[in-house]
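Two complexes, one shared chain (chain A), two partners (chain B, chain C).
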Partner chain A sequence: MRKHSIIRWTGVAMAAALATSLAACAPSGSAEDVTGATADEIAAALQEESSITVWGWAPQLEPIVEAFEEKYPKIDVKLENVGTGNDHYTKLQNAIKAGTGAPDVAQVEYYALPQFALSGAFADLTGFGAGELEDQFTPSTWGSVSLNDGIYALPQDSGPMAMFYREDVFTNLGLEIPTTWDEYIAAGKAIHAANPDAYITNDVGDAGFTTSMIWQAGGNPYVVDGTTDVTVDFADEGSTKWADTWNQLVQEDLVAPISSWSDEWYQGLTDGSIATLVIGAWMPGNLESGVPDAAGTWRVAPMPTYEEGVAAAAENGGGGDAVLEQSENKLVAYGFLEFLNGEEGAAIHAANGGFPSTVADLESDEFLNYESDYFGGQKINEVLVQAAKDVVPGWSYLPFQTYANSIYGDTVGQAYASKSDLNEGLAAWQEATVKYGVEQGFTVNGE
Partner chain B sequence: MTTTSIVTARRGPFMRRGGARWTGWLFLAPFMIVFLLVLVAPVVYSIYLSLFREQLIGGTSFVGLENYALALGDPKFWDSLGRVVIFLLVQVPIMLVIALAASLAIDSARLHLSSFFRIAIFLPYAVPAVVATLMWGFMYGTRFGLFGNITDAFGLDLPAPLSSNWVLASIGNIVTWEFVGYNMLIFYAALRVIPTDLYEAASLDGAGAFRTVWSIKIPAIRGAIVIAAIFSVIGSFQLFNEPNILKTLAPNAISTYFTPNMYAYNLSFSGQQFNYSAAIAIIMGLITVVIAYVVQLSGSRKVGRA
Partner chain C sequence: MPRGGRLAPAGTGPTTRKSVWLTIIMALLAGYALLPLFWLVVNSTKTQRDLFSTFGLWFSGDFALWDNIVQTLTYDDGVFLRWFGNTLLYVVVGAGGATFLATLGGYALAKFDFPGKRAVFAVVLGAVAVPGAALAVPTFLMFSQMGLTNTPWSIILPSLISPFGLFLVWAFAVDAVPTEILEAARIDGAGEFRTFFTISARLLAPGFVTVLLFTIVATWNNYFLPLIMLSESTWYPLTVGLNAWNAQAATAGGEAIYNLVITGSLLTIVPIIVAFLFLQRYWQSGLAAGSVKQ
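Right, the complex of A and B next:
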């Protein structure tokens, strides 16, 4: 969903972004300092005439905003889509640097959150009572938004990883559905041997995928201590475990050299030449809309693990919404956030194809028993909800993760391209990441 | 009447003295204001920016020319510059020769439907670069794209257009496709203004079609060729849209420092290194000016000789 559009429209925003770059470098001013409010004060603010601006690209935002305006007719919510993913963060970063022009509320993916939170661009929501909401959300999503004893966003959706697979491909070849990575590799060999144009999955290297896979393997390459101390270590056990496993797939040409979200990718998903996708739980909606001709052939299973019978999953994508420190209407902004990410918003979000982060929705019978026609009547949410519970705890992203992800292709991607050791690619990524961190004034271990 | 003229006459010398100083500027003002605002101010501001370093932790500090020293010793920068120089040396001559051949063919009046050819060759220029690149990126697909279909149909085993070794050539192909028509139009316009009596004289002297092309048409449009070459040189150094869009299809073949412009862009917008990015931009600007000037000089020297 997200990457698909990022990819297409990156180019379009270039000229505009270049043009605004100069304006973006003025020193930042300070908005009115509101660090907290009681529930009553927030409720009162919502009954007064005012307006807030919201930046986001999630398709579910529009119906949620409509419902909010209906409930609070005096509040005018200006919903603006300034781009998807990186384009959005670029504009946000520019507005933050400029000191004016930022929205009151912004959508933010979990991986990008630390960058904005630790630099003080997002308001700590603790003072507004966000701490009381902890029980509403899954531990993994709550862990993603709480940093340094602060709460910098409320979770909206989540992307626990699972394995989506083509049932027809596996049945035709008489293959078992892999439950471990060793079985997965064996299945990859069988699929490719049966048809040289068919692959178990596609992968040309993707930062989000790699970090999620290392997460599942129990790796912890990024350790952030306070706001300025960072450790980068891609030689830890989990990272090496993943790289050694994935080396076998890449070096033996068992993964299709096709970028995700490309036209070839959609065709591969349609004709079965890409047999599985290990990806976030937000994928079903994308399959239904992007690969309609393959209806009935896809199923979902827990992602393969390293140890037989020990369930482990990771988050892949997903995000929440934050209040900007620059906002001059923080009470209303937070009120909106509670609606958007709370019960009412979450219900609308789920009804519009989102994968929720709220415990109540994840555990509701209606959600769990939903039988997807696209998946041949499978109760897909049972699998996906279990994945959410199996997410390995303790992961964190860097306070400059968007930059680190941007140079992935220059480093790990080169190992993919030359089919050399991914461990070396990870080492190169580490080196470039550390260099940047040091240049930016962080104390970085990992040289 | 008389009174007025006396008054005018009396005021005249004073007006003229002041006028000499300001009237010219007044006429220039609309241009100068725009020029200062959109051209000079950004450059000056970029130079100003390039003298500082801002860190995520630790704020901004004045570093003098350190960013420039850093850039000159940055292998990524030289890598990107080397790549556009290769691009320039190969793609620009190919494109200009094709454009020249097309314009001469249309000008020769021997083609049926010449206006159709003219518009057909020019049409790609009207396609936005973003759309063109997306379209070509799709065609370059080795499995389902046009390229894949052709290699399958003929049983060929050609290298993938978007692989590391071939991606620059593939971009050259897109850029050529986009800009042949534009350059052809420049040449064609120049060819149309050559006085026809020259051709008559040439044919009386017994010159054939190719002799006419070589000795009359090409020398006559040399100025246009130089202009087209300068535009193409600048365009090559500013290569950005095509590789940046193809990067999504070939993330490992196109690095974040594939061209100098991409490098500057990524430094700014992925890395928040605005200051360093500004230094790279200024250096690239200077290099472009120098090379464009060299092209112009060598072009006009030839005109002088001819």
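Right, the complex of A and C next:
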């Protein structure tokens, strides 16, 4: 539920670790082969002394674990934060390859899920009755955890994208809030012309952002068929539409050359020199905590679209929790998952700044009518929940997405740096991705 | 300080010759090296709020250094102190052990003849060339089969090996411990261990301390190995722990604690600076040893 891939370059060795481990990530047969259980069996297991290990970095996990242990005092949950994002996945992958040492339950972002699910590292939860939970979650998050007729995780949070903007900046310049990307570019020009140090947004290239933007544009660059047939095509209509639009912003220096989550970024969000952020719905909590001095100046609006009046959004970040195939206590692990991602856990999650993926929470009056002081009293959840409904269906990620994202900087990132055509950057990314996929034994289409 | 590559002309002593350009260049380099440190000191006095709203390279806003230190030490039930203790453990046992083993081994290679010495030499030289990070993943897989991952041993055992330290002591011992002294000691009836601990060890002190400093710095800053090996935050060293704090803000609903990350980093480097100040005279003489034939 780290929102966004902040790519951390922990060195070549990390990529190598991932590469070597991907090749052989079939689960070892050491754990007893439990593929399902009835609700009664799970309830009974929760009343017996046992313990499970949970790996995750979401801050909401701690209070949820406490509540779970209170409800099921015989279960001991060991919660470990083994790293955020990539660090976490590398560790998970290493433990899976080693055959021991993996947790029973792991947090996983939607973009990384196929990698673990399709390689057999995560348990298919269908046999435990997960299929009955479908109605509880939004279609886009449920779509993210269902792969190949299996259910490999339960959704925890979601990140439907919206446009967060500085009301003061737009008011001072007499600018309308953009509703289409053409208007967005025009506003970007006006903001930069009025103050050369000010930009409509920041972007130095980020794999998570790029894929979400292509998602919104209706692109479908990744198609996964079965577990090993993959197509990568960044020349499809949606990808091109995004790249052509974004080219104008990058090539005319309308986006600040500042990476997200950096010191400069927070400064820009504080002083208004970064006027908008097109980002996931989990952002309000981070603004309140990281940019306290700008309270009252931020607002949220729907993400600009390509066609006037045709709402479209995408998911940006967000994730769920999965049960490891290696787990020797799958019944309790699944029982924990139902608590964590079900009604009780979702309530605690939302109370601690998470953006839910559960329909009941998203549609509750209390949630929708919440007036955020930080956002000048705006009912922000009305905008964000609508965004969740507008998410374009049909997107999927690669079964080796964490690796693909790790080489984004060498390909698309280069196009950003040299202000050359992003379409060419995407083509280079496609080429490198396909090459890696083939090396890993996938059947990959897309020269 | 370097005095340029040329010999000083006759009549001008090394103390009187000064180069304005070299002084300027060295001052710039010193500034370049010290600027991040300065930034760290300045920003550890700021609150989370002032951190992003005030100028980064000078003091402003509330002076919150003491507050920050208290918060750093108490945040999350004082986990910082636990990490500090872990780092100390890894350094004392790991770096201390590595230095001890390197001294024993280097001395033996320098002063004893035995079959296979050349092979050992080749292996050690080869090992110097292999970066530790490259071995981390294979070591992880091996340790995980032995059930050692996620224990302090997974950090300490690999830290005990310092091919570079061994090589340094070896090169140092060749000159620093005259073979004649050893022969004299043997003739007087001292055993090898007694000779080593009472005579050779003292002569080797500068080399020993040099290796100690290198291994302390390497173990103190060790990041990748513990990152891979450990999954329980109770065994994290400071490097991995601070990184976890740093990543925390970039999580939905995560609390931004950059002020604690910065203050924690400052506290983390204090011991290493102290160690350096205390040991630097040994280090200087250690590095200079052997450069001049006496």
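Odds and ends about this structure:
Here is the rule we go by: the second predicted complex is superposed on the first by the 419 of 447 C-alpha atoms of A that agree within 3 Å, B and C clash if a C-alpha of one lies under 4 Å from a C-alpha of the other, contacts with A are read in each partner's own complex, and residues count from 1 in each chain.
As a working rule, contacts are C-beta pairs under 8 Å (C-beta built on N, C-alpha and C of every residue); 3 or more make two chains touch, one makes a residue touch a chain.
A quick note: this is a predicted structure, and the numbers were derived from the prediction, not measured.
In the superposition on chain A, A:329 contacts neither chain B nor chain C. Of the two partner chains, chain B and chain C are each touched by A:263.
Of the two partner chains placed around the shared chain by superposition, chain C is the only one that A:291 touches, whereas chain B remains out of contact.
Of the two partner chains, chain C is the only one touched by A:157; chain B is not. Contacts of A:60 after superposition on the shared chain: chain C is touched, whereas chain B is not. Judged by the touch definition given at the top, the superposed model places A:90 against both chain B and chain C.
Looking at the shared chain after the overlay, A:197 reaches chain B, while chain C stays out of its contact range. Of the two partner chains placed by the overlay, only chain C lies in contact with A:80; chain B stays clear of it. When the two structures are aligned on the shared chain, A:282 is found in touch with chain C, with no touch to chain B.
Comparing which residues of chain A touch chain B with which touch chain C, the overlap comprises 10-11, 17, 90, 261, 263, 267.
Interface of chain C with chain A (complex): residues 48-49, 51-53, 56, 133-134, 136-137, 140-141, 144-145, 147, 149-150, 224, 227-228, 230-233, 243-244, 247-256, 258. Against chain C, in their complex, chain A makes its touches with residues 1-4, 6, 10-11, 13, 16-17, 20, 55, 57-60, 80-85, 87, 90-91, 94-95, 97-101, 103, 157, 159, 261, 263, 266-267, 269-271, 280, 282, 285-286, 289-293, 317-318, 352-355.
Across the complex, chain B meets chain A through its residues 42, 45-46, 49, 55-58, 129-130, 133-134, 138, 141, 143-145, 164, 240-241, 244-245, 247-257, 265-266, 268-274. Those residues of chain A that touch chain B in the complex are listed here as 7-8, 10-12, 14, 17-18, 21-22, 24-25, 86, 90, 93, 119, 197, 204-206, 227-228, 258-259, 261-264, 267-268, 273, 399-400, 402-403, 406-410, 413-414, 416-417, 436, 439-442.
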